[in-house]
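Once you scroll down, you'll see the structures, which are given as structure tokens.
You will see two complexes here that share chain A, one where it goes with chain B and one where it goes with chain C.
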Partner chain A sequence: MTRSVLIYANCQGEELLTTGHYLPSLAGRLGFKWIPLHKVSHEDWDTKYGADFMADVVTVWEQMESGPPSANRQELRARLPASVQTVRFPPFSALCLWPFAGNDPRLAVDPMRYPWSDSVAAMLAPQDLPDDALFSEYMRITTERMPDVERRLRLDIARWQASDAQSDIKSADWVERNFRDIKLFHTAGHLTAAPTAFVLKQLLERTEAIHRNDLLRLSGEVDMLLRHHLGQNFESVPVHPVVAERLRLRFFDPNARYRWHGHEWTFREYILRYARWAPYLD
Partner chain B sequence: MDIESLLVLIAGTLGVPPADITEASDMSNTKRWDSLRHVILMTELETSFGIELSDQEMTDATSVAKIRGILQQRGVA
Partner chain C sequence: MPDRLEAAFVFGSLGNLTGALGDGWSEEDNYAWALGDESRLILPLPGDEGTYTLRFTVHPLVHPGVRESQRLRIATGETELGSFDLPQRATIEVPLPIGLTRHRHRIDLILTHPDAVRPRDFKESPDSRWLTVCFHSGGLVRTSAGFDGETDGEAADVLHAVIAGHNVARQIASVMSKLSLLEDRITFHYVGMGGTVEATVQTLPPWVLRSAQVYWEQSDVGSPDVAAALRGMLPDDCEVRRMPSPHMTALWPLQGTDPRLVREPGRYDIGRYPFTDRVGASLANMMLPDDVMILAYESMAEKEVPNLDAYLEADVDAWRRLDAANDVQVADFIVDNFRRQRLFCAPPHATPALLRHMIDQLVATPAIEAAADPTALRREIDFVMAGWVGCREELPVHPHVARHFDLSWWQPDMHYRWFGNEWTFEQYALDYIRWNPWRP
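Up next is the complex of A and B:
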């Protein structure tokens, strides 16, 4: 019977699953499964994640959340085979980079078109301004209303540290050390290749079902697989230039183009399309 | 801000229809109210009400009722 690693995590688990699935050194020896902790329903535990699903699990990569264990997490722990090894790791998120994420009623009607909200662009949408006037107004309002993003960063760091306290793998120091030099986040909750590799390599190292002699080769395979990583769901939300300036983001390029499905848009192009809720899949 | 407007703001931030958010809504019974959306909601409340929430208030504000209580204590709702 093939043995499996079960990844219990938010959408970041999907990236670990996909990359793990294509690691040549583990092909046919160790499989990967994912339970999306943010989507699993009570019924799923019997219909999708029952005894058959759990039977070959030898290790769980469990992504931690703040607060007491949720009902789903308790359900997971109750259903795991007794001999399973658990490696706990933190979620990654960065709210400080997108300080205007917030209220946009359009999300409820059409949640997948632009899932990373911008409350100021949403507020300007009904005005139906021409492009230059719309972007100019967006920049004026966001610059005026720009919150203390350093404080937002401190809040993020506090959350990273709180997650670390519950985890075997620690990320807060690494994220804080690299945050300004390397682009680590495509969206508030989606990672670039660097943090994905950072956490995946440590998870592999701590997995007892993996032979120690394979680790160096696996590390190289992770780097190879993530070399052309384009971001989860092919979505990368541009960073506001004033945010970049205030947070002193050295990786920031004001002329950068950001992947949005089949497109690559500048910050301005993204904001105009977002405000207009423009379709982009044609 | 009245309770109806607060419910609409919470719904718009969580990305759910306004009818899905009631005074009884909390993180455990609202599908999209996960830990990431919770922090976004807290920062949206700060922006909309012009206040700065403490870490403890952000941790405690896990339901519509608790959010309302915090805003009332601050004198903004």
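Up next is the complex of A and C:
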């Protein structure tokens, strides 16, 4: 029987799962399974994640959350055989990059069209303005109301450190050191390939089911699979130029095009599309 | 006519309601708590004769054993507008009687919420505010019953349009189904033609095919039996248009055999690099550093590249044959434009620019033109397709080929999309030669 690593994580776990699946050195030797912690339901534990599902699990990569363990996490832990090794790792998130991610009344009736809300674009939505005037008004309001993003960064760092404190693998220092130079986030919770590579290599290194002699080769394979990969970019929300300036984001390119499903738009194009709640193609 | 958002309300200090909040609120960046027993809210109205509903997205402060839900009553003056018991986050709707909105420019709301609790009383928190319901956003929605905008009379009957085929048909169907000008007039249905007659026919309700007014078929896809069966079910007055599946080989003339290309089920179902390169294959066993390998590849490729003009001539002949067999014409357009516009991203994959040309011809039919003004429709098609990159399987073009054809859209350092990856010609060539794994 092939042994498996069970990944208990949010959608970032899917990146670990897919990358792990394509590692040549582990093909046929070690498989990967994922329980999406943000989607798992009470019934799933008996229907999808019962004893058969757990039978070949030798290691759990458990992504930590703040606060006391949820009912699902307790359920997971209760179902794991005692011999299973657990490696705990933190989630990645960045709220400071999108300070206007607030509320949009349109999400109440159409929650999936533009799920990464922008409250200022939402406020302008009902106004019947031509493109230039709409974007100009958006820039005026957001510049005037731009919150203290450095303070928000400090709050993010505090959250990263709190997650680190619960985890075997630490990421706060690495994120803080790199987020200005390398694009790490497509949205507040969706990652480019760099954080996935960073955490995956450490997870592999700490996994006892992997032979120590394989680690160097596996690290090279992770780099090979992810060096040209764009990560979770199917919804990439543009960063506001004033945020980029205030946070001194050196990777920021004002003319960058951001993928939104089947499209690639500039910041301006995205804001106009978002404000107009425009349909898009996959 | 769908409901229309007349005004968007965003609570919190970053929102647009700070001036509208009366007594009984505590604002934070992105939301506002209704405090104590009662809060006041003054909202603008358009002052016309429309019928309106207020919509709020809220979440109650609840805690097991302390407070299971929060009650909320919304009134104006003596008139109760709505009453709710909120155990969890919800979007609530408050229809406004027309007598309260007609020719009025504001409405004063009184929010009553008798179940206030203090966070510090049930968890470790210094928060001593008496909190009830947290307001996130809201909207003033003009409801369809009172909307007398653009329609004149009864809604037109919805027609059915069937688009059958494979990639080209699927992509065209996805564009057509996003057009607001047609959404109440024509429903577009895509049918994949890769399966059996029975399986294909069953993907649609039988009455859709029997009543279809428009049928667009991608030719040379699937079994002729499937195409014949679908056509046989159409009504006599259905407008039928055939469109081609154009290919281009002249931009990728080094395709050939590569013994490494085999199915790898579960990882690369049609093979790791399905578009082969015979020069790359011939270098597969060479152990060379990157820069030397690329030099070797490029020098060999320049010698191996066949007569590109002959390849183009063969492509043109094939496109002309497609034109003769289809209603949608592509040959002249491709010949005139492929140097200045990217029309193919891989031999079998048309880009949005070529698809746009095909759509332009497809919509020039009586049923479509009767449903929407052709000029406005084309403008909306351009809007929907703006920034669309289409298929993310882009096969890099060899520099020698690009220079030979003087491709103005090509640049030596351009990046090509390959599923979840982006790479340059050189990066792709090296990975191909070494048959490196990639992940989608």
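The criterion applied here is as follows: the second predicted complex is superposed on the first by the 279 of 282 C-alpha atoms of A that agree within 3 Å, B and C clash if a C-alpha of one lies under 4 Å from a C-alpha of the other, contacts with A are read in each partner's own complex, and residues count from 1 in each chain.
In this text, contacts are C-beta pairs under 8 Å (C-beta built on N, C-alpha and C of every residue); 3 or more make two chains touch, one makes a residue touch a chain.
As the structure is a computational prediction, the values presented were derived from the model and not from experiment.
Q: Clash or fit: what happens to chain B and chain C when chain A is overlaid?
A: Here chain B and chain C cannot both sit on chain A without a clash.
Q: Touching A:R145 in the superposition: chain B (first), chain C (second), both, neither?
A: In the superposed model, A:R145 contacts both chain B and chain C.
Q: A:L107 in the overlay: touching chain B, chain C, both, or neither? Say first, second, both or neither.
A: both
Q: For A:P130, select first, second, both or neither according to whether it touches chain B, chain C, the two together, or no partner.
A: neither
Q: Between chain B and chain C, whom does A:P68 touch in the aligned arrangement: first, second, both, or neither?
A: Touch status of A:P68: no partner.
Q: For A:S119, using the defined touch cut-off, is the partner it touches chain B, chain C, both, or neither? Pick first, second, both or neither.
A: In the superposed model, A:S119 contacts both chain B and chain C.
Q: More residues of chain A in touch with chain C or with chain B?
A: Per-residue touch count on chain A favours C.
Q: With the two structures laid over each other on chain A, which partner does A:G28 touch: chain B (first), chain C (second), both, or neither?
A: Neither partner.
Q: Taking the superposition on A as described, I'd like to know which of chain B and chain C A:H38 touches: first, second, both or neither.
A: first
Q: Would you please give the residues of chain A that touch chain B in one complex and also touch chain C in the other complex?
A: Shared contact residues on chain A (touching chain B in one complex, chain C in the other): 99-105, 107-109, 119, 122, 145, 147.
Q: Given the complex with chain A, which residues does chain C contribute to the contact?
A: Interface residues on the chain C side: 5-12, 14-16, 29-31, 55, 57, 91, 136-139, 171, 174-175, 178, 180, 267, 383-390, 418, 420-423, 427, 436-440.
Q: What residues of chain A sit close enough to touch chain B in their complex?
A: 10, 38, 65-67, 70-71, 91, 93, 95, 99-105, 107-109, 111, 115, 117, 119, 122, 145, 147, 151-152, 155, 158-159, 188-189
Q: Looking at the complex, which residues from chain B come into contact with chain A?
A: Against chain A, chain B makes touches at 8-9, 11-13, 15-18, 20, 28, 34-36, 39-41, 43-44, 46-48, 52, 55, 58-59.
Q: Where on chain A does chain C make contact in their complex?
A: So the residues of chain A in touch with chain C come to 18-19, 21-22, 24, 27, 99-109, 119-120, 122-126, 145, 147, 221, 224-226, 228-231, 233, 257, 260, 262-265, 269, 278-282.
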